[in-house]
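Have a look at the structure below, then the notes.
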Amino acid sequence: MPIITVKMAKGRTMEQKQQFVETITKEAARILNVKEEWVTVLFDEYDRENWASNGQLHSLKFGEGFGKNGAE
Amino acid sequence: MPIITVKMAKGRTMEQKQQFVETITKEAARILNVKEEWVTVLFDEYDRENWASNGQLHSLKFGEGFGKNGAE
Amino acid sequence: MPIITVKMAKGRTMEQKQQFVETITKEAARILNVKEEWVTVLFDEYDRENWASNGQLHSLKFGEGFGKNGAE
Amino acid sequence: MPIITVKMAKGRTMEQKQQFVETITKEAARILNVKEEWVTVLFDEYDRENWASNGQLHSLKFGEGFGKNGAE
Amino acid sequence: MPIITVKMAKGRTMEQKQQFVETITKEAARILNVKEEWVTVLFDEYDRENWASNGQLHSLKFGEGFGKNGAE
Amino acid sequence: MPIITVKMAKGRTMEQKQQFVETITKEAARILNVKEEWVTVLFDEYDRENWASNGQLHSLKFGEGFGKNGAE
């Protein structure tokens, strides 16, 4: 423990994932008072057609990109 | 908030998903006293070999279809 | 199947939950092509200090209420 | 109920899944005092690049295998 | 890995939980080809008013018990 | 999006939670290329008797504390 699950749109690179994992593992250890080897991180990646907000699928709202350039 | 996650077998169309998202977003706003823009809906789609009930994988129980025609 | 999980702030009444369950079960059956008896709905209720957006716990952002009157 | 979700690396066969489902369904019925037909089991399978421990993605730590032969 | 989550109604004893944990950890190791020390088990316990099937909250359908004596 | 869920033992203070939320929201924005206002963080807190590893409930393995002082 802890187990940290990150739900997000598909499209991040393995480098982004590794950088995020390293950072939040260190911060979890520092702030939540655990050892780094106890921290598990999982990524649940979603296609745009499986994520909706405000009553609309993101595949309809944003098309196929991801990130700050125009879309959630 | 709220965040509504729908776990189901693969096979629904984007039209079915959009229709369901619209409907439950409206109903969540009406019944649970939230704004529609606060409602997030996620679909987690499962292959039949990753869903089991009564001790049996659905890939063995139902084959590859979905919906009311013969299967869960 | 399907299994629908609703994550939201604590504070809704049993009547609100029952009304929401009835409605989304019927809509799931109608739109997603399943039988009503296959639909499971779970509520995961959160204290405000366990839900955060935009970098801030909702207990700090909103205080202790819920719903449209001032807060998510 | 109950609903049992198994998060693990991709790579198990349908035979392994079915054997595990049968076993834990029987044990859930026996130990937790439920009927076998109430037990649902879901498998959430992960690519190695979506699972990390101790600050490192398993795709970097273990390569592409799974199981006891060298890796989690 | 793996991480096994058991969602069920409140009411099981610590002895039932420990017995179930021991059993499924052994079976996961045997069938899924992992080491026992890699297996994590989490219990998510639900009040009856937060679990519904067939359009009805279990608090309305079953009252407050659990297990095979009359209820899911 | 993204939605980040942190499963951990009960016992952290609201200050620890807020500090962790601030930090990972900033890091998610920086590394995963999203806006801070899109990031949701949820804490799922567990009693020791609902978390097990290596075939043993943590209530039996560690007693009632949390953090690095003796326990996961």
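Descriptive notes on the structure:
In order of appearance the chains are A, B, C, D, E and F, and numbering begins at 1 in each one.
In this text, a contact is a pair of C-beta atoms (placed from the backbone, for glycine too) under 8 Å apart; a residue touches a chain by one contact, two chains touch by 3 or more.
The structure displayed is predicted, hence computed values, not measured ones.
Common neighbours of chain D and chain F under the contact rule above are A, B, C, E.
Each step here moves to a touching chain, and the least such steps from chain A to chain D number 1. Remark: among chain pairs B-D and D-E, D-E carries the greater number of C-beta contacts.
Taking each chain's centre as the mean of its C-alpha atoms, the one that lies farthest from the centre of chain A is E. Centroids built from CA atoms put chain F at 21 Å from chain C. Per-chain Cα centroids separate chain B from chain F by 27 Å. Averaged C-alpha coordinates give centres for chain B and chain C that are 15 Å from one another.
Annotation for chain F: residues 1, 3, 7, 40, 46, 51 touch two or more other chains. Taken as a graph of touching chains, this assembly has some other topology, since it is neither a line, a ring, a star nor fully connected. Per the contact rule defined earlier, chains pair up in contact as A-B, A-D, A-E, A-F, B-C, B-D, B-F, C-D, C-E, C-F, D-E, E-F. Against chain C, the residues of chain E that register as touching in their complex are 7, 46, 49-57, 59-60.
Residues 14, 17-18, 21-22, 25-26, 36-37, 39-45 of chain E are the ones touching chain F in the complex.
On the chain F side of its complex with chain B, the touching residues are 1, 3, 40. Of all the residues in chain F, the ones that touch chain A in their complex are 1-9, 12, 16, 19-20, 23-24, 27-28, 31-35, 38, 46, 51, 66-68, 72.
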